[in-house]
Amino acid sequence: MLTDNVAPTALRERARDAGSRRPSARWGDRLAGVVMAAPAVIVFIAMFIVPMILAFVLSLTDWNGYSLRFDFIGFDNYRFAFRNPRTIDAAVFTAVIAVTGTILCNAVGLALAALISGPGRANTVLRTIFFYPYIISALIIGFLWSALLSPHGAVNGLLGTVGMAPVPFLTDPSFAKATVILTIVWAHFGFNMILYIAGIKSVPTEFYEAATVDGASRWQQFRSVTVPMIAPVVTVNLVLTLVGLLKVYDVVLALTDGGPAASTQTIVYQILKDSFAQSRLGLGAAQSVVLLVITAAIGLAVTFARRGAERKVTD
Amino acid sequence: MTTSVQDTPTRRRSRPAASERRSPLAALVRWIALGATALVMLVPLYVLVISAFKPQEEIVRHPLEISPSTFTLEFLWNAITSSKFNVIAAYGITLLFVALVNLFCILLSAPVAYVIARGRRKWHMALLLLFVSGLFIPGQVTLIPVVFVLRVLGLINTIPGFILFETAATLPVTIFLFSAYLRTVPRDIDEAAALDGAGRIRIFWSCIFPIMRPVVATVVVLNSIGVWNDFVSPQIILGAGSGIYTVTTGVYAAVGEFSTDYTVVFPTLLLAIAPIVVFFIIMQRHIIGGLVAGATKG
Amino acid sequence: MIKRRTLIAVGALAAVGLGLSGCATGGSGQSDGKQTVSLLVNVTPNLTEDWWNTLVEPFEKAHPDIDVKIQNPGAEGVAAAVPRLLAAGEAPDVVESLPPSTELAPELVDLSKYDWATKAPLAEQYTIDGKYYMAGIGLQVQSLWFYNKDAFAAAGITETPTTVEELSDDLAALKKAGWTGIQTGGDWMSSYALQTVALPTVVAENHDWYQKMSDGKLTFSKTYGDSVREYADWIAKGYVNDDALGIKYPDAEQNFLAGKAALYPMGSWFVASEAAAKAPANIGVFRAPAFSGTKQPAMGANIASPYVIMKESKHQDAAAKLVKYLVTDKTAILDQLKVDGNYRAGYDYEMGDLGTELLKIVNDTPDAAYTPTGQGYGERTLPTGYSTEINAQTQALLGGTSAADVNKAMDDWFTANVH
């Protein structure tokens, strides 16, 4: 882990003799350290810590976002949020997206990574093909699929030519939910795949050789060598995807705008709508705080849970 | 220890051994799976490109075909010259934002990551945890109060305000990657430079930073993609009234209300993604390579 | 090294960028003694940005020191854009199509001292606490059914319906004749049909329905429930276009103009769309009926093009001059009335047959029958979010949810949101 290279003794002796470790130099070093760290710390505090505290404070008010008057209303916003059917639906749907999306993205990503992690032109081309949606903004992906899946879109047009009735991808609440999840997976799995490829490539080949000598088949090698060795990559992938999918907004805005009948609203969609369109910033802030707590809890929980799996690997 | 062949790279050796055992059926299944997935990935892009050159009825009735008789540049031209959304200006502005955010991100993150990586005290660890905690704070949570903070600072609806927020958003990942990388850099270099009487700041920028090239490349790739594709931050901080459109907010303004008029949607989307996709195809080795390198270090 | 060169290049770019950004702030500014008054407007297929710019040209010519900047709120619309702009401290000077509400009133300039505000149409109805906050140009009536005359002829309907029950029978006849009954859509217009069915009865039976609902003294299911059941019944019987959830307002309107449906619940602004259409179907209009036994059905009416001045504006005098021009200049008023099919006593403009039919309805409607629609205005308002909620619920109806579930959901919503 921490490869802390210590200068050879001779060098250190010379340094001491040269007197470059004088107290004033050390003080200068410390000042330099502060100067180097300060800008980042200040910006971070101003744009992360202070707003977080503000969010919590605001969540206890009924501020509408612009007037100078607001009242402290205690935990009313939280009570409303936890009882409001719309908020609960949005939270449930967000959770569904996060869990199923993570499972699908990682399953598909890992499977494809296993297939194309080798060298060769074909594999490189395939990697590009699977990864490219990641570099396109989620908003544009949402608009693209919204056009393709609409009742008059390309997909229904194709289904029509083979004699099938149009599928209400975006106009039926249940279908719309599935469409949202599948669109997200379509755009995201390439990222997971790349990380898995990196992980697979870094497994030393000696392990595979040993397994081949033991007569293990490719599938057995994959299960007993590859999977355990890439445990850290699996953790990173799970945490990143899970935490990332909790924040889904752009693609939903473009694909369904939360509809039909408010069935595909996510928690962030709800927060932004409450905060700005309906001028209930206090309510939006309360939901944000809840989201923050849940995100942190999930992130930490998954990380700690995976520590166990990773520890089994360290030889 | 390898037994038979001595000089050939071990990796190449294991491949032939493996594929020998892959049955033709397995290979066929593999190619079908890969081919089908590739089709699912590429067909939407294909439809997007050809639909930008077709009139509405053609898009609806013959989604997969493009025929010379109905090929038209009219709608693409309308999108380019649209008064709603000046695509060329949006490219310029977004490119400027990407450059500025990258610049400031590196200027801020690299020094503090160096301090953290070289630090031996507890509070250096605490500093790292502080920044990493930013990874778990969703941007939208801070967005609402950030609007308030920027308003107090007089920076709301301005470019400096937006740059400030975006730079802050890149700090957690960047500092994390930088400090992890710097831990693997031997201290000899620092010590040697200190001998020559250089201060810490000079040591860092002249001796350490130049060898951070790989991780800087990774970070630039990640942050550039992030800033280019960000929608919520410019929409809320720069605001629709400021007249400044990035590629994403511009697309939303142009397409948002007219999402069933395909002669507007597809050309606009094509214009928005064409440069990035082309850039990606050309640079894909570096981009994907950069991410892979960053992943293995992390 | 390459790294250093690119760093210098980027640094130079940054310097230029920051320098430029100093000039690139939004909102109203001042340059060579000219004031810029920003006007946030509702942009629609009728009211294009070009049309707005042409409208204010004569004013700009008469006031060379004032420049009017038209702002387009984009897909979110004026109502959603204003709170966001206010929160960001970037409020426009004048806002069009935003009726004053008790929530918003503290942010608006009190116009009570201006004659052109207190004597404008519907001025009294829109006061809050006795103060006048807006000035509009005319009336927009909303409880209307536009119908395809050929469809009615084909179904053997000789007289337009005067009660909801008659309308229901007509829909059955239209279906039998092979016509799609009601044309509706999946965005904001979903709830429009429901409101057209309900409001004439609901408000006729409870004149202060808005206040009573906001105070929690009436429930949704007791007042609106019958209309929800009726509409749900029509949906179940197939009287509503089945692709409703998949199309948006512009397309729905095009469908009706092309003669693909028999009935279209919409406001008076549709008259302007029909007049502008190239080859529209044969279209007539009748006022939205109430359930039988209702005395004097209510008629939804809103102020047409209300203008308010934001308190945050740094150019309030110039803004007041602009609004005065927009609501008193005869040519400007006629332009605004005509482009959106709005009406005002004493202001006659050339209108087609459909417009004339509508004018007759307006003339036959007594003042007392006018009611707010949607979330309401002045002191007759419902809790924030009502429009969004009833729209979502109507979409649920279109998707097959039962009337009972929708009624209960709305009741729950009111319980949660009434203070």
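Labels for the chains are A, B and C, by order of writing; each one numbers its residues from 1.
The working rule: contacts are C-beta pairs under 8 Å (C-beta built on N, C-alpha and C of every residue); 3 or more make two chains touch, one makes a residue touch a chain.
Just so you know, these numbers come straight off a predicted model, no measurement behind them.
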| item | value |
| --- | --- |
| Graph class of chain-chain contacts, one of line, ring, star, complete, other | complete |
| From chain A, the most remote chain by mean C-alpha position | C |
| Centre-to-centre distance between chain B and chain A (centres being mean Cα positions), rounded to whole Å | 14 |
| Whole-Å separation of chain centres (CA-atom averages), chain A against chain C | 40 |
| Touching two or more other chains - residue numbers and ranges from chain A | 150, 152, 276, 281 |
| Shared-contact residues (touching 2 or more other chains) in chain C | 76, 84, 87, 247 |
| Multi-chain contact sites of chain B, meaning residues that touch two or more partners | 148, 236, 252, 259-260 |
| Sites on chain C touched by chain A in the complex | 76, 79-80, 83-84, 86-87, 91, 103, 106-107, 186-187, 243, 245-247, 384-385, 388-389, 392-393, 395-396, 398-399, 401, 409, 412, 416 |
| For the chain B and chain A complex, residues of the former touching the latter | 2, 10-11, 13-15, 17-18, 21-22, 30, 33-34, 37-38, 40-42, 44-45, 47-48, 51, 59-64, 107-109, 111-112, 114-116, 119, 127, 130-131, 133-142, 144-146, 148-149, 164-165, 167-169, 171, 175, 183-184, 186-188, 191-192, 194-195, 197, 199-201, 204, 225, 228-232, 236, 247-248, 251-252, 255, 259-260, 262, 265-266, 269, 272-273, 276-277, 280-281, 284-285, 287-288, 291-293, 295-296, 298 |
| Chain B residues touching chain C - in the complex, by the definition given at the top | 83-84, 96, 99-100, 102-104, 147-148, 151, 156-160, 210, 213, 216, 236-244, 252-253, 256-261 |
| Touching residues (chain side chain C, partner chain B) in the complex | 1, 3, 7, 10-11, 13-14, 17-18, 20-21, 24-27, 38, 40, 49, 71-76, 81, 84-85, 87-90, 92, 247-248, 250-251 |
| Touch list for chain A against partner chain C, complex | 64-67, 69, 80, 83-86, 150-152, 168, 170-173, 257, 259-262, 273, 276-281 |
